[in-house]
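Letters A, B, C and D mark the chains as written, and numbering starts fresh at 1 in each.
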Amino acid sequence: MLNLFLLLFAGYIAGLLLPLCCPAKPRIQNILAHGSAGLASGAGILLGVTGLFAPEPWTASVQSTLPFLTFAIRLDPLAALFVLTISLVGLAASIYALGYVTEFYGRASIAVLGSLFNGFLLSMTLVVIADNGFFFLIVWELMSLLSYFLVVTEHGKAEVRYAGLFYLIMTHVGTAFIILAFLIFFQGGGSFSFEAFRHPEQPLSEGMRTLVFLMVLIGFGTKAGIVPLHVWLPYAHPAAPSHISALMSGVMIKTAIYALVRVYFDFLGGQFPWWWGFVVLVIGAVSALLGVMYALMEHDLKSLLAYHSVENIGIILLGIGAGMIFQTFGLTEFAALGLLAGLYHTINHAMFKALLFLGAGSLLYATHTRNMEEYGGLLRRMPWTGVFFLIGAVSISALPPTNGFVSEWLVFQSLFLSFHLPTVLLKLMLPLAAAMLALTSVLALTCFAKAFGISFLALPRSSHARQAEEVPITMRIAMGMLAVVCVLLGLAPMVVVPMLDRVVAPFAGLSIEGKVLALDGWALAPVNVEFSSLSPMALALLLIALSALGLLLAVAFGGLVKQRYYKTWGCGINLTARMEYTATGFVQPIKRVFGAIYQPTVKLETELLKESRYFAKRRHFEFHIEPVFQKYLYDPVVAFFIGMAERLRVIQGGSLHLYLAYIFVTLIVLLLFAV
Amino acid sequence: MLQAIFLVVAQTIVLLAVSPFIVGLIKKVKARLQLRRGASVFQPYADLAKLFRKEPVVSTTTSWIFTATPYIVFASTLAAGLLVPIFVSRTPLNFAGNIIAVVYLLALGTFFLMLAGLDAGSAFGGMGSSREAIVASLTEPAMILSIFAIALTKGSTNLSTIVHKTALLEGIVTDPSPYLMALAALFIVAIAETGRVPVDNPATHLELTMIHEAMVLEYSGRYLALIEWAAGLKLAVFLSLIANIFAPWGIATTLAPAAMGIGLVAYLLKIAGLAMLIGVIECMFAKLRLFRVTDLLGVAFILALLGLLFFYILRS
Amino acid sequence: MQISSHIGSQLVDLCSALLLLTCFAIVAQRRLSACVDLFALQSAFLVLTAALVAFLTGNHHIYIAAGLTGLIKVIIIPRVLKKVIERLNVKRELVMNVNVPAGLLICGALVMLAFFITQPIIPLGFLLTRDSLAIALAIVLIGFFTMIARQKAVSQLVGFLVMENGLFLGATAATYGMPLIVELGVFFDVLIAVLIAGIYTNRLQDAFDSVDTSHLTVLKE
Amino acid sequence: MIEVLVLLIAPLLAGGLSLVIHRSALLHAINLTSMSLLVVAEIMITRTVLRDGPFTALGQLVYLDALSAFILFIIGAVGLACSLYMRSYMDEQVARGVIAPGRLNLFFFLFHMFLLAMVIATVANSVGVQWVAIEATTLTTTFLIAFWRRRESLEAGWKYLILCSVGISLALFGVVLTYYSSLHVLGDVSEALNVTQLLPVADRLNPHVLKLAFIFILVGYGTKVGLVPMHSWLPDAYTEAPAPVAAMLAGVLEIVAVYAILRMRMIVDHAVSPAFTGGLLALLGFASFVTAAFFILIQHNYKRLFAYSSIEHMGIAMIGFGIGGPLGTFGGLFHLLNHAFAKSMAFFAAGNIHRRFHTVEIGQVQGLAIAQPWTAMALMIAGLALSALPPFAPFVSEVQVVTALVTQGVPGQWLTNSGAMVTLALSDQFSSLGLTGLFLLCAVLAFSGLLYRITGMVWGTPPEGIVRGETWTLGHLPVVVLAAALVGFGFFLPQSIRELLEQATQILLLH
């Protein structure tokens, strides 16, 4: 296993240095950087798999000369799972990048881009296998920093700079909270090693544990993008080059999920009051719903996807939160189920979100715009991208029999099991969460009906879309790879569940593989078949068979009639793209129904003809939705600190006598104290 | 194994056969109540046959999505139907998915219909899709909650289990109030999902009001036939759901031929009854404005929630 | 010996008291040149004190210190300052940050403070120069205060030098003089400091056509 | 003890020569050689100290132990970096006619005297001599600060001169008091101010006197360090000084002053409790940290930005020393080193920017990444290091300090023994957590301010009429080396430096 790790490490380091060292053509640098990244992530996949099924966690460590700092790594199933995920997406991204970064030839330094890319992947991998708090903090910040530099690749644009800065500061604020939490652990254990976090010499007091819970939730929540700490996400993720967005949205924010599970179930030993789980659950529900709602209003494809990350993090937290609640009441099986569901969705989201971002990247590559209203009819021009994007869309909308559906179904089940809980409040809240989840998923479905329908179907809406062409083979391979993974993750739970079970078992204290899988793996049946069961494979076969039946019936009744092609009826005039339903129009009813949340502001200017006031020469319509959190949460905080600083200016008034007086007074006061 | 296959095939046939009949029956009832003679109950069969034989016209702007959708919709709706007990309480496909799977299978159909609506590029399709979206998104939570209320009373989310237990009079709560509320909620949901008055009017082609019809406006020939049939199936699925969950009387709890016979007859009667009920409702109410639909579905949601509440309060 | 030391301490106290008085005089005095004269006077008293201590205790290296003081603080520095004053023809301090009566009151308070602070450590001192430490501290504080109260660069310098005097008094009286090398270093530094300050005043005059340091507020937040 | 002699003579000689020689190339050569000699001597001294502990030289005049060796190391490293940087910088100033060629002599003379003073202050055995030397640094630097002879620079120089001289005089009173206390134990010997004499008998010295003495010393040298509220001269001085001088001031001078305080503290701690000195240090440390954090938030002048960040980091180091204990002290010392490197780097970058953009207004600087790639890199790294981000060394030292804070809390005893005042027992778990929270908050504020400005300068497209591209000069070498050091120390500390640090820590703790 050490060899695998070294291979991975060497690969990334090579990818980090080689491009910088060889001042050659961008092409060479591109191949060097992303080639070695690909190799390294390949090694990562193997490492993840072996680590997942290793009987014992694999550890290794190098002592630094600095006090407290030990480069210790530990590969237990949880870490291995995330290594696997990161490496899978990393591999796809590397392959994709080979084609995609040709965009940036001449516009940005490929060497820097490539080596940052490698560094980013490496830091993420190290984050999930770090076994020392100090080391963890270093790689964690490194991860944020490198991703920041990747975000500002196109720093020529003001909005990119803004996005980068916003991201950098937010994530640093989060880190401050994490540091505080780790320091509390340190107080107990007197060491930064995770082992000491697990079993401190003097156990943390209840108050301290609660503090840790909150600090960690805020700290890692900022990275995960939970509401209301999500605001940076829709800025930063779209700003980055698409393969980076895929990594950030697909796996980077998952490292926060990893850390949450690590702290709550590992360090804090899964012992917590019920309200912890409840808080997580509520945050999850709110994030899920608000995430998808804001996504609906986005017409920048990448921002839309970014908001969906918020949504899916919410869904993941629903699972984990439910798990925590069950854990509190000793319903270990269900706790394990909830956690398993959450982790399952984590992997799935990593895959289809990465796929979708790569798809969005391909559209950007082909059309040079991110605005959905300028796409249209692309399925005909970019058939492969279209299909892959569709698979991603179906998965993220949790439609059977895809992976998204399976994990969401498991979350539903764990929420439904709430009737075993003792308190009526929870008995009611979990089903309500389930209802919100239902609303979320159907809104997501709407959102992707919009995203796919507006972008890929009907007539091209702009010259960009009209001239679009299918993307290079490398990019298609990458997307195809992820698409296949998505499908497999959905159809083969009998493979995925045992893996997840190995991760969950140590925390829950028992293995629920046997309980979740029924009919020797062909069906999922949490707790028992009588309660609920699902067989994605069967559903898939059924769907295929029945569509075949449909075809059969059609032929049987109608024979082989050939169909006639004719242009769509445009109310008597030729149909043009301007008659099509726009993305904005598509979500208009939703905007209206949920107006309370959006608080939309609409502006309509009409310029009438002089001749008659019944005919408008031009109309200008714009609508904005209130950025509630920025307006009511962030701006005030910033204003507060800036204001304080402004008030402090007087200290530095410029008068020499004033300055002398400072020293004088200080002296006098100290003298008075001392005697 | 053979038995299972037989049952599945039988259920498929029954569903396919019965769904046009339901549509026809509703039309007939409405006609009668409007003092018209109305077309024969079996008219829909003839329509389908005709549509299948007609040459389909496909818009040049469309992609393969447009032609694939009818099959997907048809398949997903029928698949959903196969997960619901029809005349035998223990469906062989029970393991394949529980009631949530049913909901999401139907959602799959809806998704592709929306895409198809957008694909043709005409404003009507888009309008239909966007309206369908809002209706769907409002029905879903109510549906899940009511399902959960029911699942609670039976301690299962598997339809077969629920129906089977109810049929054997197991675990019926002493007080039926949560039950009834869930029923009411689910009924409203059914009406909304299947696009009947007062939420949508399948008979209209007035762009101001139509939802489902607008989505499928561009379809013709065999594609239209499949979609119409799927619509009927959807209706059948919901009606069977309601019928068998709340009144599984006579449903075959064993696989004895006699029992199955009885079950079939009972099923047809129940469905017919519900269809007539819908017909009556469609005559009594006018279609709601789109943005008033929210109120109706809000009511459904609250009903389901109350059902849940009652259940717990009565238990504790 | 007992008697003589008693008388000696009386004398030393007297001298230090005179030093303190000149401080008050400087605080009260508006005319710059007069301030400089007063400073010279104070330095003279300082020399006297030092010599006295040297004589009474027989530490001869204090004589050297005293001599240097006389040379630098009584003769050279006042000269330099006078020159500066003439060149810039600033006769009198027109505006003060703290007016004279208030200034005097504050200085009184500072004296009390000095005594209060040094209370616990006085007993350690040599019989001869018991209270001079307190006085020295008082002078330092008053000098400091002068720098805050006055606006003209020159008078600030005077304040600074008064501080130095206080320090020297402290060094001589409390400890019978610092180690010689330190003493020399200190004198050297003071001298250089004053010279540099002189240069500065010229440059400031050129740049701001005023030595009123309250004009120096270009640099601020 | 040849190396000690070299240490003292090299700058003296160089200073003398730079008065008489007029070819700038030669001046630079002399500068470099003397600097390199200094470094060599310093390394030799370090090796001796590490091998066989503290030693005195030149009769009792010079005392060298790990601590002073550590300070010398910083002086040498930063000094050499400055000398390397100066070449292109000063020449360009002359070429642009900012200064007359003749004034280079003055510049170098003062520079070397400045160095000499600092070296003496570091190696002096006697506290008194140390005082003299530190005052000398003030006198030598004031003209370096006012070197451009603009109005602003004159003002800055004047303020610096007055404030620091006053502060230093107060420190002298502290020295006098120390002497006063030591006389009673050691008798009237001229070595009574020597550390070697004081340390052994320190516990017999009178605590009251030493308390007073320490307060005077702290306020006095604190002014030199630039601790709030004695900091007011600092932003002006750093802004107006030529870049290399600013780098020296920020990188070295501050640290020498800190060293003076620590020396005094060692003595006082024996007589009084460490809690007393620690409390004072921590108090001023926090004051500086908080104030600076807020000022950083609203800076629009990049040199002032770095000036305030110096105050901030000195505050952090002071907090570390105040908390004390092996961890806090180690962190504090390490932080001094890191800050010296990062800050000198920052000022080099600032100098380059000013040469290209001719403004100190952040708003008018944009697109460095395109205009001056190397400088942009330097600025970015310096900024990240100064805002304590990994993988840069300041992150490590800051975490060490904050860890010490959270585990030990701040010694609160110094207020209680004054009786009347409010008692702050800041060492229980929660209140130390509270302080940690404050610490982190300020860290975040400073980070935001710093990065907001720096990213604003680095990214984007340069304004019209700004030359694009940057040619490699000798001045870039120190930047690269310092950057490498900052990153490297973030992961591994070279064994020798680590030993040096640990021994210094041992010295500072009561052995």
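As a convention for this text, a contact is a pair of C-beta atoms (placed from the backbone, for glycine too) under 8 Å apart; a residue touches a chain by one contact, two chains touch by 3 or more.
Note that the structure is predicted; figures quoted are calculated from it, not measured.
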item	value
Chain pair with more C-beta contacts, A-D versus C-D	A-D
Chain centre separation in whole Å, for subunit D relative to subunit C (CA means)	31
Chain centre separation in whole Å, for subunit D relative to subunit A (CA means)	44
Between subunit B and subunit A, distance of the C-alpha-averaged centres to the nearest whole Å	35
Intercentroid distance (Cα basis), subunit C paired with subunit B, Å	102
Per-residue multi-chain contacts in subunit D, two or more chains	158-159, 162, 166, 170, 208, 212, 235, 295, 298
Set of subunit C residues in contact with two or more other chains	117, 120, 144, 147, 156, 213, 216, 218-219, 221
Contact pairs between chains, per stated definition	A-B, A-C, A-D, C-D
Partner subunit C, residues of subunit D touching it in the complex	126, 128-129, 131-132, 135-136, 138-139, 142-143, 146, 149, 151-152, 154-159, 161-162, 165-166, 169-170, 172-173, 175-177, 179-181, 183-184, 188, 190-193, 206, 208-209, 212, 235-236, 239-240, 295, 298
Contact set on subunit D toward subunit A in their complex	158-159, 162-163, 166-167, 170, 208, 211-212, 215-216, 218-219, 223, 229-230, 232-233, 235, 280, 291, 294-295, 297-298, 327, 330, 369, 384, 389-391, 395-396, 399-400, 402-403, 406-407, 414-415, 418, 421, 429, 433, 436-437, 440-441, 443-445, 447-448, 451-452, 455-456, 458-461, 490-495, 498
In the complex with subunit C, residue positions of subunit A that touch it	649, 651-657, 660-661, 663-664, 667-668, 671-672, 675
Subunit B-touching residues of subunit A, taken from the complex the two chains share	377, 379-380, 386, 394, 397-400, 405, 409, 412-413, 416, 419, 424, 427-428, 431-432, 434-439, 441-443, 445-446, 448-449, 452-454, 456-459, 518-519, 522-523, 525, 529-535, 538-539, 542-547, 549-551, 553-554, 557-559, 561-570, 575, 577, 579-581, 585-590, 592-593
Contact set on subunit C toward subunit A in their complex	97, 113, 116-117, 119-120, 141, 144-145, 147-149, 151, 156, 213-214, 216-221
